[in-house]
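Across the two complexes that follow, chain A remains constant while its partner is chain B and subsequently chain C.
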Partner chain A sequence: MRTIGLVAGAVFRESVRDRIPYAMVAFAVLLIAASYLIGQLTAGQDMKVIKDLGLAAMSWFGLLIAVFIGITLVSKEVERRSVFALLAKPVSRAQFVVGKYLGLVMTLAVNLAVMTVAFYAVLLYMDMTTAPGIKSVWPAPALDPHLAVAVVLTVAELSIVTAVALFFSTFSSPLLAALFTVGLWVAGHFNADLRNFEAVLDARPVVLLARGLYYVLPNLAPFNIRAEVVHGIDVPASQVLLTLAYAVVYIGILLTASVMVFRRRDFK
Partner chain B sequence: MSAPRAEAGGRTGTLGPWLLIAVLGLASVGLQAARDRDRHPFEPTGGMLWIQSGPAMKRLVLGYDTIAADLYWMRAVVYYGGQRLRPAGDRSYDLLFPMLDLVTSLDPRFRVAYRFGAIFLAESFPNGPGRPDQSIALLEDGLARDGERWEYMHDIGFVYYWWLQDYQKAAEWFGRGSRAPGAPEWLAPLAATTLATGGDRQSSRTLWQQLHDSSEFPWIRTNAEFRLRQLDAMDLIDQLNAVAERYQAREGRVAQTWQEFVRAGYLRGIPLDPSGTPLVINPVTGRIGLAADSALQPLPAEPPPPSAVPVPRPPS
Partner chain C sequence: MAAIETEELSKDFLVGFWRPRPYRALDRLTLSVDEGEVFGFLGPNGAGKSTTLKLLMQLLYPTSGAARILGRPVGDFATRARIGYLPENPYFYDYLTAEELLSYFGRLFGLRGADVTRRVSAVLDDVGLGAERRLRLRQYSKGMVQRVGLAQALLNEPEVVFLDEPMSGLDPLGRRHVRQVMLQLRDRGCTIFFSSHILSDAESLCSRVGILAQGRLIASGRLSEILAFELKGWELVVDHVSGEQRAALDARARAVTTLAHGRLSVELPPDIAPDQVMRELGEGGAQVVSLNPVRETLEDYFVQSVGAAESRRTGL
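Now for the complex of A and B:
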């Protein structure tokens, strides 16, 4: 565990050196500027729009970080040949892969945590500057704790995306890994269509294939509860917990597969 | 000795690029200003909406449905406001319904979009597209997508009442709304009143007042206040026309100026409409009306009263 922690810490420090935290500052500035501007254009829907914008921006920034750092996690080490020095030390390939993964997830989590603080700060400002009569018709309070649940699920979704990127990074070039990862992310949002394929096609084998793909491909749509949270609609805790459990299991599968592929690689 | 010289050279070397950036930046601003003076880029008069299918757009936005709905909502608000600012003859509201349909397809719980559509899609030209059918279609979509909300039923009833003068349908929808969860107590009596006295100015006033008092959206309240001021103006004009008739009966001719009313002791001065604009007298007929430049123009046509009192039948 200590070795994994050391590798993860190195990844985190490297991402800080690469100025990834600048994304956080950009996020805060974007939100604060937006809150002033969009209030004029939304015909009274500024709170909804700021919540939508904040949650969507966190997801976008996080996705960019997950994909573009995730795809280079392993390939960069191989390209620089620093992987030889690393693996010569008492670090197993499994520890290397898992450490790399946890380091990037830590970077993502810290990024999103800072963005969440900036987000709540803007919401607090909106709450303090809005008349009580207007606040009384908001479907959910400005500082709704359920927003944090939506952020937690976003982190879980991005953790899956990171695991996908890492998996492809173990055996393909960064460009191909980026394409595969984005492709799977897109497919992950259309998954419900695969489950309901019998509604559009009468061919049993194709329907079974689609059903199989539904279970094999990452199902990312349930991680998106942004609309429910913004409209103040209750999301059952059981749904959130099952979705988080699904993320843990799916990440486990991807990390195991990544370790298997990485173990077979010959770096001579 | 060489070190200070190198430092001085370094300062000059740093200053040079900054100076160049400043000069080029100023030149860029100047060039843009010069270009913009004579540049008239092509802009389609009606605007463009490349994708009008809600389901297609929902797939394209890959889970970011609500933020996409917000963007189309802002576009719809700006589009409507922009058309209202144009000269009456240049206005076109063709894209208002497709935009609102996209908003509500992407975010089916975007209540304000349904209610915005209910008010402004039905508004007669040039203040709106004059499409009460689209208003009703959007609100019925709201009922299908967002559940049995009394607000949507009330708004459908309202469109039937005010814009289509179909008091039976209006009463049916008010009645259906009164049975929906969370409906206010005044909705059931409104259904009965609509059947009995639909088209009556007092009923219209009650309807607008309820809309004003029950809405959380400022622009609905503003619109309702405008309509209430129009109804006040219509009351005032009726009272003054009664005065004019008395004047004509006594003097044997129509009054052509307000001074004649003042001299005869009927009025103390020139009457103003609720927007503060002086009312005018038609010198030929002696009838009193709004000035052409009054902010309350055009007054709504007085709907005909219901010919009968039919038995309410709930809509299916």
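Now for the complex of A and C:
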């Protein structure tokens, strides 16, 4: 465990010093702030627009960080040969892969926490500058704690995306890994359609294939509760917990597969 | 006990995209290095030296054969804490400083607290890295990265070190420094296995060498066994030579080469009496600058053996 923590700590330290995540976080914070101005343009809908844009900005910029750092996590080490000295130390390949993964998830969580603080700051400002009469028609309070639940689910979704990126980066080039990961992210959001394929097509083999894909591909739609939170619709705690449990299982399987691939690799 | 042993160790790589075929990078390598020995693993570029080191570090898996370090199969987790490895042209993390990188590696070796700082500082002193240890590695020159590479290989006070081209990228001062570090390691009983194609390094450091060409070990043994150390002739450098003396030298020497400022380098056969030649030259007004015996060097042996292996392969 200590070794995994040390590898994760090194990833975290390196990514904190890298300028790319900073730029993304800064851009996301800027977008969250800008949502305040956009909100001003929409009569009566301002709070919904700010919340929607803010959560979407976190999700999108988090995705960029997850994909672009995730795909280079392992491949960069192998390409630049920094892995040689590291794997000659008392570090197993499994510890290396899991440590790398946890380091990036830690980076993501910190970045999203920074974005969340900025988001709540904008909402607090809105809350303080809005007349009580207008506030009474908002579907949910400005500083709604459910927003934090939506952020937690976004972090869980991005953790799956990171695991997918890591898995592909253990055996393919960064470009291919990026394509596969983004492809799976898109497919993951339309996964529910695969389950009900028989409603649109009558061919049994295709339906079975679609059903198979439904179980293999990540199902990312349940992680997006932004619309419910923005509109003040209650999301049951059991649904949130089940979704988080799904993330843990899916990530566990992906990490196991990544370790199995990485363990057999030759480093020329 | 042997510190490093390989038995019929072979590695094939698949080459070609559409119809991959195996290419043998290392062919049935069997060798043994005793504890406390400095073993030079020599060979031209592409001979399979780095492949062997990577097999010993389990960065590559062998196609066949086996290898042991300190009596344990390669890849053994406990053994890794007792060895050090400097990869060829090492590369580390751009955004960490040398101190941070070594502290990270030190903790991976199980060091904690003040021990980490103490050991990191000592090993950076040993490899001659000064105040620049607090700079990020992306700002380092190639030679400085090489020193960091050496430092990380020595961090755990290893019993066996594997150095892949340790002199690569170093200036003459850096090379001398690394040579001194290696001699200190040898003096404290550390086994050193290093690959190089710089033969003078091997000649000055190694107790034994192995020569690899096209993946095969073509020679191995003590330098005294490999090289006959027989006198092959004399090299005389002489100045102010008259025309008459030059004609006499041309008649006796194997070759006479004109150097800068009119000096001559004269290759004399081994059976000549050098003191007599010097006396004659002196009497005729010439001035002897230097006289050196010429013996077989590792380079001569290397060129002969690698050349012979090459011609066997091509059938010429």
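Quick note on the criterion: the second predicted complex is superposed on the first by the 252 of 268 C-alpha atoms of A that agree within 3 Å, B and C clash if a C-alpha of one lies under 4 Å from a C-alpha of the other, contacts with A are read in each partner's own complex, and residues count from 1 in each chain.
In the analysis below, contacts are C-beta pairs under 8 Å (C-beta built on N, C-alpha and C of every residue); 3 or more make two chains touch, one makes a residue touch a chain.
Since the structure is predicted, the reported quantities are computational estimates derived from the model, not experimental observations.
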Room on chain A for both chain B and chain C (clash or fit): fit
Which of chain B and chain C A:220 touches, first, second, both or neither: first
Touched partner set for A:266, first chain B, second chain C, both or neither: second
Partner chain in contact with A:190 - chain B first, chain C second, else both or neither: first
Which superposed partner A:14 touches (first chain B, second chain C, both, neither): second
First, second, both or neither for A:6, with chain B first and chain C second: second
Partner chain in contact with A:231 - chain B first, chain C second, else both or neither: first
Touched partner set for A:85, first chain B, second chain C, both or neither: second
After superposition on chain A, the shortest CA separation from chain B to chain C (Å): 21
Common interface residues of chain A - those touching chain B in one complex and chain C in the other: none
Chain A contact footprint on chain B (complex, rising order): 59, 62-67, 69-70, 73-74, 77-78, 107, 109, 112, 116, 216-219
Residues on chain A engaged by chain B in the complex (per definition of touch): 38, 41-45, 48-49, 52-53, 56, 59, 134, 136-137, 186, 189-190, 220-221, 224, 226-227, 230-231, 233
Chain C to chain A touching residues, read off their complex: 13, 54, 57-61, 77-78, 80-81, 83-87, 89-96, 100, 104-105, 107-110, 136, 149, 152-153
Residue ranges of chain A in contact with chain C within the complex: 2-3, 6, 9-10, 13-14, 17-18, 80-92, 264, 266-268
